[in-house]
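First chain A sits with chain B, and in the next complex the same chain sits with chain C.
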Partner chain A sequence: MRLRWHGLRSMAPALAVTAAIAAAAALWHNLPEPTDIYKPFDVHAAVGQQATGHGITAIVDGVRIGPKVHTVSPPEKTVQSVGTWVVVDAAVASTRDFGLPRTELIVGPNTYGPSDRFFLTALGAELQAGITQRGSWAFEVPPDLVAAGADPISLRVWMNDERLDSRIVVTIPLDDQHVSRDDVVTLEPVRKAAK
Partner chain B sequence: MTGGTGRLALWQRNVIGAAVAAVALGVIIPFDLWPQWADYRATVEPAHVIEPRESLAVDGQTWSVADVRHLRREPRPGAPALPEGTVLTEVTVDRAGVVPPDTYVIGVLTDGQQRWRGESLAPTQGQLAWNFVVPDDAVPTALDITMLDGSIPIRLQL
Partner chain C sequence: MEANPGVVARARSPIRQWLSGWGFSQWWKAIVAVVLASTALFGGLDTVDTGVTTFKPGDEFSDGEFTVKFERAALMPEVRAGSRVIAKEKPGRRYLAVLAVVRNDGTVPGQLSREVDLRNQPDKVAVDQFRFSDSSRIATIGPGLTEQIAFVWELPQDALSVGDSVTLRIWKKQFRQTMVSYGQTWLDSNTDYGETVIPVGSPR
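The block that comes next holds the complex of A and B.
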């Protein structure tokens, strides 16, 4: 009995080291990715619901889908999509600082940035504290991903750098209540107003 | 040494470990952490604050507020109308002295809670001027002379 206890005591350091190395290896293989470490804090909202994050507020009024977008402010033009246009009508404001609003649209497995073909008409200009910008972002996406009955899409909005900051996420069901579908979608110029 | 085994006593090993940790912190804090913290603080706290109607010489240049105007309409012909519920604040700053070449500054208006970036007006000899579109219920209290890296070398109280 004494011999067995002595043998166990002599093996204890080796067992402890083995356990520590195994635990370290398990931890090493399960470390969070940098994108997880620095990921933004999502603020979820529905269509028509005001979402307020750290330094930014936004509301999505509705979504219009169609193959053509017509801009009414100079230069007036109609732009045909190679897929289809998803135009998100929204209002966005900074509550504290100046900065550029950023956005992306999650459609199915894909992420789309706003089209730069409506640079002068769409949302995207610098925000100033307390002054709301109301307008639209236009995204060019494959038509089948936004067909009636397809999975909901999500709009993400943040200001400047999203890392470790608020990011507003608005889920948009693709039903008739939230989405209108036309051959030509009109893009109104951005309107600014203080709250 | 204990018992002639060649191993240091526990307290000796602890002292050595503590000394190594102290040296490591002594290097990391002043050469890595502190500069990053100082860079951040420079974007929050102005290096120099100039009281209203006073001037101050900083690095060979003398700064003071020359004029502040609050306008309900855009005075420039052809410029777009002001957004609803906003006013235009024009701030003109006197800057006397030798300006180092390639020095670009941004005018940022603040009320202590909110910040607005100015649109730079054509500078004249010895003066800088900015236009700010701000909500009409805002009460700006200072103009921050801001560098491109976000640091604030001078705050001019209005």
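The block that comes next holds the complex of A and C.
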């Protein structure tokens, strides 16, 4: 009996290391995802309602949908979409520091970034604290996802890096009260004003 | 001098006695068993599956994120859109443009810059991607949208001639959490891809 115990004791380090590695492997395969650990804190608002998060404030005035966008500031141009344009008219401001406003549009299961065709005309330039920028973001989406009667869409807005920070989420019903539909949607240049 | 019987009894445990009787073949089998057991513990070996799909120009190929259909390829001294020069003429260089129809089948904006892998051209320089409709640059395409896109590379003058063929590869992708940065993205497979060979013509 004494001899058997001695044999087991000499194997104990190997058994302990094996158990520790197995436990670490099991833990590794069941860690929470980074998008859960660092996800932002959503600040919800409706169309026409001012939303204020940590360092950023925004209000969505309305949405215009159409197959073409016309920009009035140079270079003046009309751009046909391969789907349709969803133009979100909004005002956004930083409350604490300068930084870049980021945005995305959630349409059904899909996420859309603002189009790269209107960088000089659309919202997205650096914000300075206390200076409100009023303008539009233009998103290109498949027409059937934003047809009349389709599910509401959501605009998300945040400053710089969304991780563990505020993210404004504005829910937009696709009804006549909140959305206007035209063949050509005009994109006005961004206007700046002190609050 | 006589050995101390207590020391011998302490050194010779039953396990050690058993192991000391093992020959080479038993040790070899034990090592294989330990390797297999520890591999199984950590999820097993990855299956080596070089899933290569060949397809013809004009056929659709899905890599998981995009569905791509190559239409034609052309060599040209400069890239123009009407009177506007997109990529100007350079001594000793030419441009290869490959026209493709691309549809985003995913749920997030898809990056186009690394979508088409031009093979066997070691001195290639990727220029950019352009919408065929109006020659504007395009970096991403949104979910559910389809665009006709020209992928353009710069090559040495003598790398290709009209009538040659080029090999284009599209790596299959999976939508995963990124390990270094934050978020989810489409990551290329290391083994699975689709490949086509397309003749090189002159611009139409």
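One rule holds for everything that comes next: the second predicted complex is superposed on the first by the 164 of 195 C-alpha atoms of A that agree within 3 Å, B and C clash if a C-alpha of one lies under 4 Å from a C-alpha of the other, contacts with A are read in each partner's own complex, and residues count from 1 in each chain.
Going forward, a residue touches a chain if its C-beta (ideal position, glycine included) is under 8 Å from a C-beta of that chain, and two chains touch if they have at least 3 such contacts.
Just so it is clear, the structure is predicted and the values come from calculations on it, not from any experiment.
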item: A:Ala22 touches, of chain B and chain C: first, second, both or neither?; value: second
item: Contacts of A:Leu31 with chain B and chain C, given as first, second, both or neither; value: neither
item: Touched partner set for A:Arg163, first chain B, second chain C, both or neither; value: second
item: Contacts of A:Ala14 with chain B and chain C, given as first, second, both or neither; value: neither
item: First, second, both or neither for A:Gly130, with chain B first and chain C second; value: first
item: Comparison of chain B and chain C by chain A residues contacted; value: C
item: Which of chain B and chain C A:Arg96 touches, first, second, both or neither; value: first
item: Chain B residues touching chain A - in the complex, by the definition given at the top; value: 83-86, 108, 113-117, 133-138
item: Residues on chain A engaged by chain B in the complex (per definition of touch); value: 95-98, 126, 128-131, 191-195
item: Interfacial residue positions of chain C with respect to chain A in the complex; value: 9-10, 12-16, 41-43, 107-109, 133-134, 136-140, 142-147, 177-178, 182-184
item: For the chain A and chain C complex, residues of the former touching the latter; value: 3-4, 6-7, 10-11, 21-22, 25, 29, 33-35, 38, 79-80, 82-83, 109-113, 116-117, 139-142, 145, 163
